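What follows is a short report on a single structure.
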Amino acid sequence: MVKNKGKISVRQALTLFAILTITPTVRFAASSTALIAKQAAWLVPTVTAVFLFLMLYILNILLQGYKNKSFTEMIYDITSKFWGNLIIFLYLVWITILIAFYLRFYSERLVTSIYPNVKIDIFTISMLILIGFIIRNGIVVIARMGEISFILISIVILVLMIFMIPTIKINNLLPISYLDIMPTLKASFSGAALFYVIYLFFFAHEFTHQEEFFKYGKLTLLFIWLINTVIILASIGNLGHAIISRSPLSFLIAVKQVTLLGVVSGFESILVATWIISDFIMILVLTYSVLNIIKSLFKLSSYNSFINIFLVFLFFISWILANNVFELQTLSVDVVVSGNIIMQFILPIIIVVIALIRKKINIKTN
Amino acid sequence: MIRTITLTLFVFILYVATGLETLVGGRMDISDAFYIATVGLDKEDDEIQMTIVTKQYSPKEETSQIAKQDKYFVSVGRDVFEAARNFNSFMDKETFWGHVSYILVSENLAQKDIDSALDFFVRDHEHKLTSNVLVIKDARAEEAIKLVTDSGEDITTKLKVLSKGVGALSISSELPLIDAFNKINNKYCSCYIPTLKIVEDQKDEPEEETKEASNTENEKTDEKTKRLVLEGYVFFDQDDAKLLCSIEGGTARGFNFIINKIKSGVIVVKDPDGEYVNLEIIDSKTEIIPKIEDDKITVKLKTKMNSNISEIHGEVDIFKADIIEGLVNQQNDIIKAEMQSVIGLVKEYNSDLFDLSSVINHKYPKKWDKIKDNWREVFKDIKFEIEVESKINRTYSIKKPALSREKEKK
Amino acid sequence: MITLSKVGDEMKKIRTDIINLNKKVDLPMEVESFKGLFANSHDCVFTEVMINKELTVHLVFVDGLANCTNVMDFILKPLTTLEKFTNIKDEKKLIDVIKGGSLYYISVKETNDVNLAVELLLMGTAVLILKEAKIAFLFETRGFESRSIQVPTEETSLKGSKDAFVETLRTNTAMLRRKMRTPDLVIEELIVGKVSKTKVSVSYIDGIANDQLVKSLRERLKKIETDQVLFTTVIEEEIIDSQYTPFPQVEYTEKPDKFCSALLEGRIGIIIDGIPFTMIIPTSIVNFFQTTDDYSHNYIVVSIIRGIRYLLAAVALIVPAFYVAITSFHLEMIPEGLALSVISTEKGVPFPIFIECILLSIAFQTLIEAGARIWSSIGGMVSLVGALIVGEAAITANFISPGVVVVVAAAAIANYTIPNKDFAFAIWIWEIILILLSSVIGLYGMVIGIILLIHHWAQMEVMGEPYLAPFAATDGRNSKDAIIRSLFVFKKKESLDEQSKINE
């Protein structure tokens, strides 16, 4: 029998984190890095992996210091009541915007890639209904779905990679010289914005085996690094950085090129299928953490009554965000990247530093 | 619970069964789709004329006469997309662009703006980027399509066979849309596109005909035989994508030598008696080696090539070291001359035809960073050197020619 | 059998009768009581045995349940012929003599409770009633006709053992004991069913099976309120957690070797008297993809075949829906050559593709159902008619396009490869759901369907064990045998460690 009912292991949580990263990677990692780092874009994930490693190390200190507590409880404990409320409110607003952003982007992506004649609302609303239906089952079911999706997505990407390897042109990936150092570093910032691991900490009180966080964190890091590198390699290696940086759906275009034995083609359908699944998991998980924030911010016993209201609210926000897809892309580059860096890196680091200064936690706990 | 589920399911099935088209647009049943296999683009005054051909599928029973007439359609519009949409006003099926294999652009359209002609095909989500682009020289695309289709053949199959067959002579090649777009996009090198042309008189240049073309034509003995030939390239300017020049024959092969697209080919040399010896190109590899000394760029084109003897006309036993060496030298000269003619064009138009820029970029990335802004200026002063290193490896089943034995007896 | 669907007064009456029967009767221990209870039953035999002129006893047994030879040879014969008995004058003496073991019969019971006597009588016991002492002796004379052990009919095995469970509980438990000679094998027994009073046995291996699991199963079985246990679902539906699902949550087997290997994995087996199929719980999705033959073949071959089974299940589930999606929404995703042949086959067919798919998919299921229900003497007709209609006539008449036939038939054949048929049926139902969804909005609908299916599986638990284990929720424990079957040498080492981990 499964012990710890209603809780998930750290391994499951990190699996969710891996899926959360796949979605934006497939969407824009290749194009955004190609824009800045050109042919050297495939080196960017290696640089970002260093950032992520630091991040995981810092978060590990936090997690080991506060066992079985959610991030909101940690913030309250570390800062004062007032500042705690403020920070948590900031997170609430930011993650809500992020979900709305992804919700919108996911529907836009479907409309631009395979459903040009379909009303965009259909995708948004059907996704929200699905999430409203499934989120009531709690984190355990979400985590299990995450694990299965993780297996599916990994297999699909792996297979697509194998198909794409023969057509990669080495010329597109070279030359690499010291001139590429600065662009690579610059591009790595946009890549680092994709590591949403801190948002999972809002339900950290539902983790078990917390001492394994760093161990599995490193494995997840390896996986994310591999997927990122491989996707960028395949996209740019096949089509060249010029086209990739211009395309809103870079990986899809690259996959469209794949033909097996000159006969079998159309693999993009499989890719689109995994997109939808990974987008779904991402929106589901982020919504779950927002609901957890709401629960602890307003001191509710359960967030169930909030689900419907929040989802309707999301729908409207996703429309207020931008008028069309061009605005959305500008928003993505200008606001979301820098916002993510503040919320995911700077703020948590400040919190950890304060905690260390106030001796709430210490590094040696792990 | 069960009742609600059953009810929802029932309503859902009813809904599916009755009217689904109201909610979700974009349904296109496969039987309603007109699969376009080849597209022809022409310039008609200020408008663009588009010709589309479906691929013939062979159902078991013979298709009726009507089906044969429906093979190609023509429409006109201000731009490519409008022309494409205009088909829907008169066709009984919906046009479907996902499987376009060949895009034929007429020369006069290509002359003006090849980039806007191809934009629709790259941008639209339905299109695949692996379709091939061809420019029709001195003729209209519609004409070419008509020519093949009216003779009862399928143009797409024909073009496929042609591009496969052209490898035997290596006077042209295939170029996927995505590469063409990449090249047009790249401001440091000019774009090349393979060309098709319509040859009228069969006796004119017998050497140039491809086997497939001649076979089909031999069966038809009209007084005026026209056929489609895939040969040569056209080049576009690297700055504004205007048509620069076109090449064919030996120059085209020289170009293929440079860009490493040689599959096979025939080189004719002479033995000491002045009789022909035919050599078959087995493989070839050209390295473009740029060298920068004191800001002066010299480029060395180093070709390594192998060939086999495929036919001997004379009576001399040529399998002797000195004769072979003579043949090799002749071979080198022929290849060198072909490549030199390309270099001549490069110098004439001061245009980077074979993507030298990326070679320099890869070898001297730092230097490239400095010179790339006035690449054309720099390009003017580049000196080219050609070095050919070829080998004649072997012949096949017979060594000496049939007559050489008798000669020895005398 | 009493059908529970009857409504109204009739139903009420039957219910009250049943309840009355279930009540403890308060009757004296004498032959009249039995005669009253079994007044209209002709298979109940009442014999008056005259031991000598003074002494008469009554013997009651049910013909067919009790072994008549045994009754004659070991009860009647000694009573009437042995001098020990014929000399006895009063019943008191008789009781002493019987207690002293002069009737050489094992498991003799003495009672004055009519209820117990009736209960055992119905199990084949012979009851010897002493009139004056108001006491009965119960002799275990059970011996009825039963099917002998035969080769399994549903689960064929190439190299495995060829015995199968039978209807008799005792034979079945004996088979288990023969395979596993350890006192750790526990076979508990309960009686379920107010009317039928069926024996249900719960077997597990002490020390390997999870104690809590055994406890909760025992409790669930005790709680069952039912009249009869003639069918497996009576028990199954009471012990599973998720009711609203087409997927099986209990594994059935008729092979003792499979049953035993399940016990060794720490699972619990249930054997019901009268049903030759045994149940194993808890189950997870992997159990429905494994066969016993997996463990009697080369491990590399088996691992590959198992991988293919999962793949084929995915094919059965997805391919028709995918076909509908790409032919009516995403034409650009069909490879060129295939598209052309689809177009040529689709000409002149009046229905949209998804209707064709659903019709055909139902038609295949109809064939299966017809094949299962038809009398075996005319069974050949099904395949003949089916092949004619589906294979030939429908296509020639332009009712259904050959392309759809190929796709749906491929899915159907893939479906048949799923070892567990209950699971295969459930997959078929989801196949239709996916077709419907993808007919509305193409690939997107199909993926929504897949998400719903994953969710459905994710929230299912069998006796507290996640249905998706070991793919999810187990942190990778026990995943060794899911797809790849490792060598037994490795497995043994692991199994002990892991079992102890689970039991912690």
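Residue numbering begins at 1 within each chain, and the chains themselves are lettered A, B and C in the order written.
In this text, contacts are C-beta pairs under 8 Å (C-beta built on N, C-alpha and C of every residue); 3 or more make two chains touch, one makes a residue touch a chain.
None of these values were measured; they are calculated from a predicted model.
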Next on the checklist: So with touch defined the way it is at the top, what topology do the chains form here? Options are line, ring, star, complete, other.
Outcome noted: complete
Item to check | Leading chain pair when contacts are tallied as C-beta pairs | outcome: A-C
Next on the checklist: Between subunit A and subunit B, what distance separates the C-alpha centroids? Give it in angstrom.
Outcome noted: 43
Checklist entry - Whole-Å distance, subunit A centre to subunit C centre, using C-alpha means? => result 46
Checklist outcome for this item: Rounded to the nearest Å, the gap between Cα centres of subunit B and subunit C is 68
Checklist outcome for this item: Where subunit B touches two or more other chains simultaneously, the residues are 23-24, 26, 125, 128
Checklist entry - Among the residues of subunit A, which are close enough to touch at least two other chains? => result 114-115, 118, 122, 265
Checklist entry - Tell me, which residues of subunit C touch at least two other chains? => result 329, 332-334, 336, 441
Next on the checklist: Under the stated contact criterion, what part of subunit C meets subunit A in this complex?
Outcome noted: 210, 212-213, 322, 325-326, 329-330, 332-337, 441-444, 446-448, 450-452, 454-455, 457-459, 461, 463-466, 468, 471-476
Checklist outcome for this item: The residues of subunit B that touch subunit C in their complex are 1-2, 5, 12-13, 16, 20, 23-24, 26-31, 33, 35, 55, 57-59, 96-99, 101, 125-128
Item to check | Touching residues (chain side subunit A, partner subunit B) in the complex | outcome: 112-119, 122, 171, 174-175, 177, 179, 239-240, 242-243, 253, 256-257, 259, 265
Item to check | subunit B residues touching subunit A - in the complex, by the definition given at the top | outcome: 23-26, 125, 128-130, 178, 181-182, 185-186, 358, 361-363, 365-366, 369
Next on the checklist: Could you list, by residue number, the parts of subunit C that touch subunit B in their complex?
Outcome noted: 244, 327-329, 331-334, 336, 339-344, 346-347, 349, 352-353, 436, 439-441
